[in-house]
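Each of the next two complexes has chain A plus one other chain: chain B in the first, chain C in the second.
And now, the complex of A and B:
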C-alpha cells in the first residue's frame, strides 16, 4: 500500500514537472526551427537558429529594446535599493512614535492597485512633459520613476534591519562616524545578503514590467523587451521562430539570475513575509 | 554650585544628541515619504477627483457621481467585473490547493529527486508575464500543441477552440495563471513546512490519523498565516490581471475574457479617451481590494 502511494507521488510530481518545464523546452526547440515547423508542432531541434537570430536582429529593434530594458532595470535596481534601505534603516534605527505612524501610512500604499493610479500618473507625466521633457512622457525616466519608491522595499529592509546588530551603530558612533557614515560604511557592507535578495526582486520586477511602460513609452525606439515581444506576438504575419528567439532572449537574464543566485532568490521571497 | 552645573550640562547633551539623531532619522525616510506621496497617494486623490468628471480627452467637467451610476448600466463593465471575480474565485483556490499538495509531497524527507521537482515546478515563476502569455497563446491555438496532444491521446475528437470560444478562453486564462504562479506559492509553503516540528506528525500517525487528517488538522492550521498572506497577494494580483489577458486573448472573443484592468486601459488608451470614467472603474478595483483583504482577514480570524 505504501509502495503504491509512493509510485503515485512520483508519477504526479513527474507530470507536474513536465507540465512546468514543457513551455521552456518548446521555446528552446522552436528558436531553432522555421516558422512553418513551429506551427506544424515540430518537437525536434532544427538548424535555423542562426537564421532566426539574424532575422531578429535585422527585422526587429531587439538591440534597442534590450538596451532600454537593461538601462531601466539597472537604474531602477540601484535607486530602489538605496532609497528603500535608507528608509527601512531610518524607520528601525531612529524609531519614534511619529515615524511609526508614518510607516503604517506608507505601508497602506501596498494595497493600492497599479491600475487605480495609472491614469493620474499618466496625466502627471503629461504635465511634467511641458516643463521637463527629459522626464516627461515617452522617456525612459518616466518608465522607472514611479517604480523606484515602493512600500514593499521599505518594509523589506525594515524587517531585515531588525536582525542588524544595534551595537554596531553604537560602535560606529564611538569611533566618531557620522550617522550617514554608519549607514554607508557599516550597515551596507554588513547587509550584503539582504541587498542581494532585494536586487533580484527589483531587477526582475523592472525587467518584466509591462503595463506602465506600455502606457508611458510610445515611440518604437523607446520600447522595452516586454513591449517588443507583445508587439511581435500580436503581429498579423508572425514569424514564430523569430518570436521564440526573442522570448528566449527575454527570459535568459531572469533565468540566469535565478540559477546563479537561487539562495538569495528564496531569501528575498521569504524576506517579504516574515515579521 | 559648579557641581550642579556640570550635571545639568551632562544631562543636556544626550537630549540634544537624541533630538539631532531623531532629526537625521527623518532625513533617512524623507525621500520615501515624498516618493510614495507623489506616486501613490496624490494619484489616488487625483483618481477620485477624476472619477467625478466626464468628457473626452482633456475637456473634463464635474458631473458628480454620474460616472458611478453609469457603471451599473455599462454591460462591458459588468462583464469585466464578472470575469475578474470569476478568475479570482476559481483560480486562486485551485492554485493554493495545488501548491499546498506539492509542498506537502515535497516536504517528505525520504522523497528522491526533491531538488529537481522543486526547481522544475518553481521555474515558471522566473518568466516574464508577457513572454509566457505569448507562448501560451501559441500552445493553445487551434492547431496548437495542446490540441495535437489531446487528439493524439484520443481524449477529444476535434480541436477545442481554446482561444475563440468564450468558455474555453476563460479556461485558458485560468490554466495560464495557474501554471505561472503555483510554484511561486509552493515555495512559501515549503519554507513554512520546514519549520514544523516533525514529531507532531509522528504523534498523529501513532494516534492513527490518516494522511488526509494530518493534512487538514495539522498542516493547514499551521500554515494558516502564510496561506492568508499568499491568498491576499494572489487576490490583489488577480484583481489587477492585465498582461496575460492582453497578450493571450486581447480580452476576446467579444469581451468574454476582459478584466477590469484591461477595461481601464481600453477606456483610457484604446477607445476615445474618457479618463473620468476610467478613473471611476479603477476605484472599483481599489474598493474590491480593500473589501476582499478585509474579508480574508476576518475569515482567517487574525486580529493582527
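And now, the complex of A and C:
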C-alpha cells in the first residue's frame, strides 16, 4: 500500500515538474530552430543555433546591453544591500517610538505604485540634467538611483535583524568597537545568509527592471537587456529563433546567481518568516 | 486602543497626503520648460544633430536609413534609436506629460490609430509640418488621422491597405476561381468560408478574440468608426458595425475560424497551411512568403466590402506616419522629411525594392518597382494592385480612444457570442465607453 502511494506521488511530482520546466526546455529547443519552425511548435532541436547567435550579434548590440545590465545590476545590488541593511539595522537596534513611526510610513510607501511617481521622477531627472549631466537623463546612474533605496529591503533587513543576538552588540561595545565597527565586523558576517537572499532578489529585480530604464535611457548604447528583447519582438515579422536565443542569454546570469546562492537564499527567506 | 487607532489614522492620512502630492505633481503639465533645451537653432547653418525614434529594424528603421542616404545635406546628422512601438508610446507619454521636453526625439513614428490621442493631449508638443510637403500627393485616407484643427502634423508613411490573401489550391478545391473572389462582400466571404470548410476541411481564417482588427477592417470599407468625427462614441446606432458583428458571429459559431491567442500562433496558422486565407494589411505578405514551400500557392484579391451603400472594396489595417517634435532642430527635421518621404518618387522605388515598404505617396505607384510580378503570388503584380486599392480606402477619423473602446467591446462580444442580443450588447458597451471616455 505504501509503495503504491509512493508510485503515485512520484508520477504526480514528475508531471508537475515537467509542466513547470517545459517552457524553459522549449526556450532552449527554440533557440536552435528558425522562426517558422518555432511558430509551428517544433519540439525537436534543429541546426540553426549558430545562425541565430550570429544574427543576434549582427542585428543587436547584445554585448553592450549585457554590459550595461551587469553594471546597473551589480551597483544596484551593492548599494541596495548596504543602504537597506544599515537602515534595517538602525531601525531595530536603536529603537524608539519616533523611529517606529517613520518605519510605518516607510512601509506604507510600498503601496504607492511606481507608475504614480514615474512622471515626477522623470521631471526631476530632467531638471537635474542641466546641472549634473552625469546623473541626469540617459545615464546609467539615472537608471539605478531611484531603485537603490527601497522600503522592501529596509523591511527585509529589519525583520531579519530580529534574529540577530543583541548581546553581540553589547559585547562589541564592551570590547571597545565603534558602532560602525559592530555593524561591519559583527553584524555583516553573522547575517551572511540574509545578505545572500537579499542580493539575489536585488540582482533579479534590477536585471529584469523594465519600465524605468525604458523611460530614462534614450541612446542605443545605454540599452539594457530587457529593452533589447522588447525591440526584437516589436517587428512586423519577428524572428522567434533569434528572440529565444536572446532570452536564453538574458536568463543565464540570473539562473547562475540563483544556483550559486540557492542554499543561502532558502535559509535567508526562512529567517524573514520566522522573525 | 483608542490611542493606537488614532495613530493609525494619522499615519494613513500622511500616506494619502504623500500619494496625493506625488500624483498631483504628475499632472502638472504646465510645460514651462518646453523650449528651454540648450543647443543652437537649425538655421545657423551648422551641423544639426537629429534624433529619430522608430520600431522594427527591418522596416521603419531601414526606411529611415535609406531616406538618410537619399538626403544630400552635409550639415544634417541623424541618429536613429530603435524602440518597440509600445515603448515609444510609454516614453512619449512620460516625457510629454512631465512637461520637460528633455530626452525627447526630434522625429518620431506614431501609428495612425494612436496619433490623435497624442496630438490632442499635448497640443504644443508637435510641430506642424504642412509647409514642407504637399498633402495632396498622399492617399486621402491618411490625412485625417495625421492632422488636427486644419494643421498637418504627420508626414504619411506606410500604408496598411488590406488585401484578401488566399490559398489558390484550397479555394479551387472548393470550386472558386480568382474572379469569383474579386470585389465580393463580407456576406459572400462567409458563404465561401462555409464551402471551403465543407469541401476541404480547412478553416477560412485565423482570429485572435482579443484583437478586433477584422471588425475595424470591415467597418472602414464604409468609412465609419467606433467614434464619430466630433468624437462621440458611436456603437449603438452604428449600422456597419452591427453588420460586421453579425458576420463575425457567423464565422465564429460555424467553426470557420482557427482561434489563436498570440501573434506567433497567428503566423503559424497560415505558415503551417491550416487556414485558407488571410484578410489583413499588406504588411502580412513577407510573413506569408516566409514559408518558401508554399510559393505559387497564394494570391491576393481586393478586401471584401460590407453590403451597404457607398462601401468600397478597400480598407486599412495599421500604418503609421512621421511626426516632428516642437524642440530645437524642428526645421531641420521637417526639411529632411519633406525632401525624402514627402516628395522623392525615386526614393520610394528603392524603398519598395530594398525595404519592402509601400508608401502612401501617390506619384510613386507609377514607377517601375511597383510593377514587379511576384512569383510567390503566382506572378501577380501584388504591389501595384495594393497601391491602387490604397487610393480607394474610405477616409476615417480614428479619434482618441480606438484601443480603449475596443477593450470594452472585446469583453462584450464574448457575451454576444454566448447569446446576448446584439442591441443589448452594443447598448451596454456604449454606456461603458461613455462613462470611461467622457
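The rule is short, and it goes like this: the second predicted complex is superposed on the first by the 240 of 275 C-alpha atoms of A that agree within 3 Å, B and C clash if a C-alpha of one lies under 4 Å from a C-alpha of the other, contacts with A are read in each partner's own complex, and residues count from 1 in each chain.
The working rule: a contact is a pair of C-beta atoms (placed from the backbone, for glycine too) under 8 Å apart; a residue touches a chain by one contact, two chains touch by 3 or more.
All values reported here derive from a predicted model rather than from experimental measurement.
With chain A as the common reference, the superposed partners chain B and chain C clash. Looking at the shared chain after the overlay, A:118 reaches both chain B and chain C.
By the touch criterion defined above, A:28 reaches neither chain B nor chain C. In the superposed pair of complexes, A:39 makes contact with chain B and with chain C alike. In the superposition on chain A, contact of A:233 is made with both chain B and chain C.
If you count the residues of chain A touched by chain B and by chain C, you find the higher number for B. Contacts of A:93 after superposition on the shared chain: chain B is touched, whereas chain C is not.
When the shared chain is aligned, no partner comes close enough to touch A:196: not chain B, not chain C. In the superposition on chain A, contact of A:83 is made with chain B only, not with chain C. Legend: residue contacts after superposition of the two complexes on their common chain; A:219 is shown touching chain C, with no touch to chain B. Look at A:154: by the touch rule set out above, it reaches chain B but stays clear of chain C.
Only one of the stretches 186-194, 402-410 or 420-428 belonging to chain C has C-alpha atoms clashing with chain B in the superposition, and it is 402-410.
Residue overlap on chain A between the chain B contacts of one complex and the chain C contacts of the other covers 38-39, 41, 109, 111-112, 116-120, 122-123, 211, 214-215, 230, 233-234, 240.
Note for the complex: chain A touches chain B at residues 9, 12-14, 16-17, 19-21, 23-24, 26-27, 38-39, 41, 43, 83-84, 86-87, 89-91, 93-94, 96, 99, 102, 106, 109, 111-124, 145-146, 148-151, 154, 179-180, 183, 204, 207-208, 210-211, 214-215, 225-226, 229-230, 232-234, 240, 243-244, 247, 250-251, 254-255, 257-258, 262, 266, 269-270, 273. Residue ranges on chain C touching chain A, taken from their complex, read 7, 11-12, 14-15, 18-19, 22-23, 25-26, 33, 38, 51, 55-59, 79, 81-87, 90-91, 94-95, 97-100, 102-103, 105, 263-265, 267-268, 271-272, 283, 286-287, 290-291.
Contacts from chain A toward chain C in the complex involve residues 35-36, 38-41, 59, 101, 104-105, 108-109, 111-112, 116-120, 122-123, 126-127, 129-130, 136-138, 211, 214-216, 218-220, 227, 230-231, 233-238, 240. Across the interface of their complex, chain A is touched by residues 21-22, 24-29, 31-33, 35-36, 39-44, 46-47, 50, 102, 105-106, 108, 111, 116-117, 119-124, 126-139, 143-145, 148, 179, 183-184, 187-188, 191, 226, 229, 236, 239-240, 242-243, 246-247, 250, 260-261, 264-265, 268-269, 275, 278-279, 282-283, 285-286, 289-290, 293 of chain B.
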